[in-house]
Amino acid sequence: MQMREITYRQALNEALAEELDRDQNVFLMGEEVAQYNGAYKISQGLLDRFGPKRVIDTPIAEAGFAGLGLGASMVGLRPIVEFMTFSFSLVAFDQLVNNAPNMLTMSGGQFHCPIVFRGPNGPAHQLGATHMHATECLFANFPGLRVVIPSTPRDAKGLLKASVRDDNPVIFQEVEMLYSSKGLVEPPMPDFDLVIPLGKANVSREGTDLTVLSYGRTMPMALRAAEEVAKAHGLHVEVIDLRSIKPLDLETILNSVAKTHRVVVAEQGRPFCGIGSELTFQIQEHAFDELDAPIARVSMDEVCMPYSEVLEHAALPSEEKIVAAIKATCGL
Amino acid sequence: MQMREITYRQALNEALAEELDRDQNVFLMGEEVAQYNGAYKISQGLLDRFGPKRVIDTPIAEAGFAGLGLGASMVGLRPIVEFMTFSFSLVAFDQLVNNAPNMLTMSGGQFHCPIVFRGPNGPAHQLGATHMHATECLFANFPGLRVVIPSTPRDAKGLLKASVRDDNPVIFQEVEMLYSSKGLVEPPMPDFDLVIPLGKANVSREGTDLTVLSYGRTMPMALRAAEEVAKAHGLHVEVIDLRSIKPLDLETILNSVAKTHRVVVAEQGRPFCGIGSELTFQIQEHAFDELDAPIARVSMDEVCMPYSEVLEHAALPSEEKIVAAIKATCGL
Amino acid sequence: MAKAVDKQAELKLLYDMLSIRRFEEKAQQQYQMQKIGGFLHLYIGQEAVAVGSVAGCEHRDYIITAYRDHGHALARGMGMNEAMAEIFGKSTGCSKGLGGSMHYFDKKNNMMGGHAIIGQHLPLATGFAFAARYRGEDRVVLAYMGDGAINIGSFHEALNLAGLYRLPVIFICENNQFSMGTAVSRSNPLKEIVNRGAGYDMKSLVMDGMDVRAVRETIADISTKIRTNPEPYWVECRTYRYRGHSMSDPGNYRTKEELEKHKKDDPITNFSATLIKEGLLTDEEYKKMDAEIKALAAESVKFAEASPEPDVSTLHDYTSVVTDPNYQPLPTTPEIKTQNPFHC
Amino acid sequence: MAKAVDKQAELKLLYDMLSIRRFEEKAQQQYQMQKIGGFLHLYIGQEAVAVGSVAGCEHRDYIITAYRDHGHALARGMGMNEAMAEIFGKSTGCSKGLGGSMHYFDKKNNMMGGHAIIGQHLPLATGFAFAARYRGEDRVVLAYMGDGAINIGSFHEALNLAGLYRLPVIFICENNQFSMGTAVSRSNPLKEIVNRGAGYDMKSLVMDGMDVRAVRETIADISTKIRTNPEPYWVECRTYRYRGHSMSDPGNYRTKEELEKHKKDDPITNFSATLIKEGLLTDEEYKKMDAEIKALAAESVKFAEASPEPDVSTLHDYTSVVTDPNYQPLPTTPEIKTQNPFHC
């Protein structure tokens, strides 16, 4: 099978096209997804190919169209709802965390919501305090939601297709800073139906000295940091891409910790009650005696995000900060 | 000074009355707070005493009146905004987590928001999936917000008064199940001005064998659990009431851990990315070598909340579950 | 013959309203005996709205409402047993005891739920209508809300979307004059609630919510129209709630006189009197009907009491579903591309 | 004498519009040279709205807008230097480089910010008006939004609250025909945007947003009225944006002809021609004015470039404030109890 090098953006676009093509019950809805071809061009060409019934522009009414999608999903359609960014999902928060996950319970199992909410999430570049929210930990707090965050084009495609086919509400969070990044991906349908099951982490780099747990935006930084400490200090760092925050692949994590005994979490988001804190709880709960050093986290600083480039850089996780955390955790 | 026994509800009511009286810039706004005297009667008598300019009924428009309050706070008023419950704050989420904390940063320090958002939060009894959200971890994730949760009448009064006088946005979360609970409180103004600084935890029970970290609804359970394991197993359990989640009094926590070396977190909320996970991260970060056993947490189960009483009971934290966690953490 | 059919239909209106009334009186009694937990919001006084509107549409049409939902569920055909068992939190309840009073769901009757967060069910309603249009089905949607719900954001977004995409949703505001203790004039600046539709250029009208026939006729009219020419309607339905907002509300915000005045409009008393006057019902028959219904209500309590609690081992079974491995996707066909039901 | 005063005021209108135009042309150029990060949304074409409306109210009146905020800030008296430094992210910026293009704040000029989440600033606007009423001040509030913002929930909640409490807010919808690539007819079902006010029984009117004098007069009229008789207004202001939505938008959703047609309505070209015709301005004077403004714009770039970056040590200084220990509470006085400015 001939792998192709395509961008993360193209991978998402292919996933959407293939799922729209495969199943008429699937439709795509969101601001500027149709005629404008997407604010970030993820839906490029889809209106042309699938028509205005399947690819639908909405007004700026996130709670409204998120709820519309949920209603449609209750009666058997399979909506894909795009948020221009997940920062804008905060105005639709109740629909996402109350209606979406609870419908199954409240109806005693009569209704479920096969729906995907997707869009870029987390810090981009100099968009200021309101436009760079890393929302994954907020959604992950709610039982019943799946939270998926791909860091490579292949994962972007395979996980999005799996999300569309999942019968539960999925929060599918993309990384704006990675839209133009490239990677190898299997050929498109009909040649290959790339579906990557949710809930399986990926050991992106093997190592024995320390485990870096990461996902999304900080994954490339983590991999570079691992290279750097390999070169500079001979450290063998294992890097795990969580790929889905929920369900969480604790098994892969614990296997790694049993081998390395040291952990650094590299996350794009805010620290307090973030992903790093949850990973830490679960690791120490299940592998307390395996840990040779405290788990460190590299996160956003505990600040409201400033616009200034220098301050933003200082506030965000970076390769250098990950290197420093790895070294400190290894006692270097 | 003659302490009085009053209810948590009465304590909150006194705090509101005293702050309204002390400062004309303070006003109270929310659904049914005025003519109806509050859905939970926290604002009983305040309309009569302070008039319709200071105690204001709103339509059901949480985002609207939260934002109205924020706007008023930007120009120097000191609003107290009541949510009938914090479950309904989810429809105002963007105002609370985007506008409130970010105003200071976005304006380069020109505007700040001295405002209190208050109301009951977290599980009550058989209100079902949508009405029992423990939202503290969601707000605590956002830098710039203070998150305060009293568990006693005295704290309810003293912390609310401190919150009203704080120049930052404060998320003040009450416990419906404790509204009728009683405790000793200093006399009201003008005799005594009870202000309890934010960010100081309270060692509610001293002990040497294990530390239970708790707040709000689970505090009474934790105290009873401590009594029980004292009687049944001779364990000396220290119980710390966090009182404010943010700022977090890490010093008091670490002092206790240095003494007991074992920790159980008892929290009312959902586990994933919850308060327990954050406490665990910070404790292991600063006191890794002090810990003799993994930190355990007693939280809601990872489920959407069912209405059925038996299922609800099974899903919620309880004295028995805390006892079990204490024993397990002590190897009993 | 036409007459005979009419008679049955007319009597069913009465029967359904009375069923709601007697069911809720029983529920109220059980609540006061502390056999029921959580909140309980009674529909008593408003029965004509649910019954008339459900009678005015087809069974395939979707209905959805807020937390004051017993009336709508029963009108749609839910049995008293599953309704009562639900508030008892029993596994035989309409939502298996997981939903409670505020979350009655009945899939087989296209009752899409009671929903407890004000206004948040209205976008869902647009989704049902969207799906119907998407599939080319001629279903319409009845979306009920209180007068207090028209001031919240998602109400606005739902009406705007419904208007924009020309979705067949009848938005029915049950204006019972109060949102908890807040009189309707104190929650919005409108002279009349019906005016709100003008902000969407939406066809709007008022109906008398105490007159079950008027409600049925109005809804039948609208639903017939929009079934073939899809577009939303805004309907203010004037009614009154006789009980407190919920069981904990003594209702101090209104006078006894005001309440008594509205009780003169009782939809059940008045409609049964009309039927008697029209010769469709005798006093005797009415008493028999009432006795029968009361027996059913009493029976539902027994059923609920005798029903098992949900098994604690099922606690984790309703948070996620296992994805159906037999799901059959519907491949895209060329003609879909040219369809444009949403006028975008 | 009256004539002389008028002349200055008229020329200032032109001067302010031209300042916005030249400032943004410079900003655009700097963005294209990659000296500026983040988003940049230009106001070019809409200058008459900000300038006319600000001229029509008092300096003590609060103004607040969305992210397309340069025009409003400059019209309110912000200097080009602090405006340009802000988008350069420099510490001399109006928001110390922490806000960026979408978050211009200017407290001394009662410019309450540019706000980047659609519709979420409108409730804040009601809060300013509320505070004014609370304190018995005769300030009014100008709350600007785009045509795309009228479909989101908080818009609705703000208008409803303003109507209910009779708050003196002028809600100005800058209908520039597009929300990003979405033509206004594709985001709502209204025949005319002005109709939206009817859903609140709110006084509503249309104004020509390309005519700076018309805008000024309309706003002066309304603000005079509501300063003494507080109530909100809904104003649709018809205008057009000449540039893309933001710098990354090529604007493929409209034809060149459409754009050219609207450029014939250029508020600056037309108004300068009018002034010349009226004898208040000569061609010469106009050129001098323009040259002067261009120099200021160029100067602002130099200022921004020469300004220091924020000090990294200040990163944590703007997340919380230290509570003012010298704050003086204002004890309650008996007469307040009887005041009822919000008619509740």
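A, B, C and D label the chains in the order they appear, each numbered from 1.
Just so it is clear, contacts are C-beta pairs under 8 Å (C-beta built on N, C-alpha and C of every residue); 3 or more make two chains touch, one makes a residue touch a chain.
Note that the structure is a prediction, hence the values are computed from the model and not measured.
Enquirer: Using only Cα atoms to place each chain's centre, name the chain farthest from chain D.
Expert: With centres defined by C-alpha atoms, farthest from chain D sits C.
Enquirer: Looking at A-D and B-D, which pair shares more C-beta contacts?
Expert: B-D is joined by more C-beta pairs in contact.
Enquirer: Can you compute the centre-to-centre distance for chain C and chain D, using the mean CA position of each chain? Integer Å is fine.
Expert: From the centre of chain C to the centre of chain D is 45 Å.
Enquirer: Round to the nearest whole Å and give the separation of the Cα centres of chain A and chain D.
Expert: Chain centres of chain A and chain D, defined by C-alpha means, are spaced 37 Å apart.
Enquirer: When the centre of a chain is set as the mean of its C-alpha atoms, what distance in Å lies between chain A and chain C?
Expert: So the centre of chain A lies 39 Å away from the centre of chain C.
Enquirer: Which chain A residues touch at least two other chains?
Expert: In chain A, 57, 59, 61, 63-64, 87, 90-91, 94, 98, 101, 104-106, 128-130, 143-144, 302-304, 306 touch at least two other chains.
Enquirer: Return the residues of chain D touching two or more other chains; collapse runs of consecutive numbers into ranges.
Expert: If we look for residues of chain D contacting two or more partner chains, we find 95, 97-99, 103, 115, 117, 120, 151-154, 156-157, 160, 164, 186-188, 318-319, 344.
Enquirer: Given the complex with chain B, which residues does chain A contribute to the contact?
Expert: For chain A paired with chain B, touching residues are 63, 87, 90-91, 93-94, 97-98, 101-102, 104-106, 128-130, 133, 137-138, 140-144, 246, 269-278, 280-281, 284-286, 288, 291, 293-297, 302-306.
Enquirer: Touching chain B in the complex: which residues of chain D?
Expert: 62, 93-99, 103, 105-107, 112-113, 115, 117, 120, 122-128, 130-131, 134, 153-154, 156-158, 160-161, 164, 317-324, 327, 329-333, 336-342, 344
Enquirer: Using the touch definition up top, name the residues of chain D that touch chain C in the complex.
Expert: 151-157, 160, 163-164, 166, 186-191, 195-202, 344
Enquirer: Which residues of chain A touch chain C in the complex?
Expert: 20-25, 27, 34, 49-54, 56-59, 61, 63-77, 94-95, 98-99, 101, 103-112, 143-144, 146, 165-168
Enquirer: Could you please specify the touching residues of chain D with respect to chain A in the complex?
Expert: 37-39, 89-91, 95, 97-100, 102-103, 115-120, 148-149, 151-154, 179-182, 186-188, 253, 309-310, 312, 314-316, 318-319
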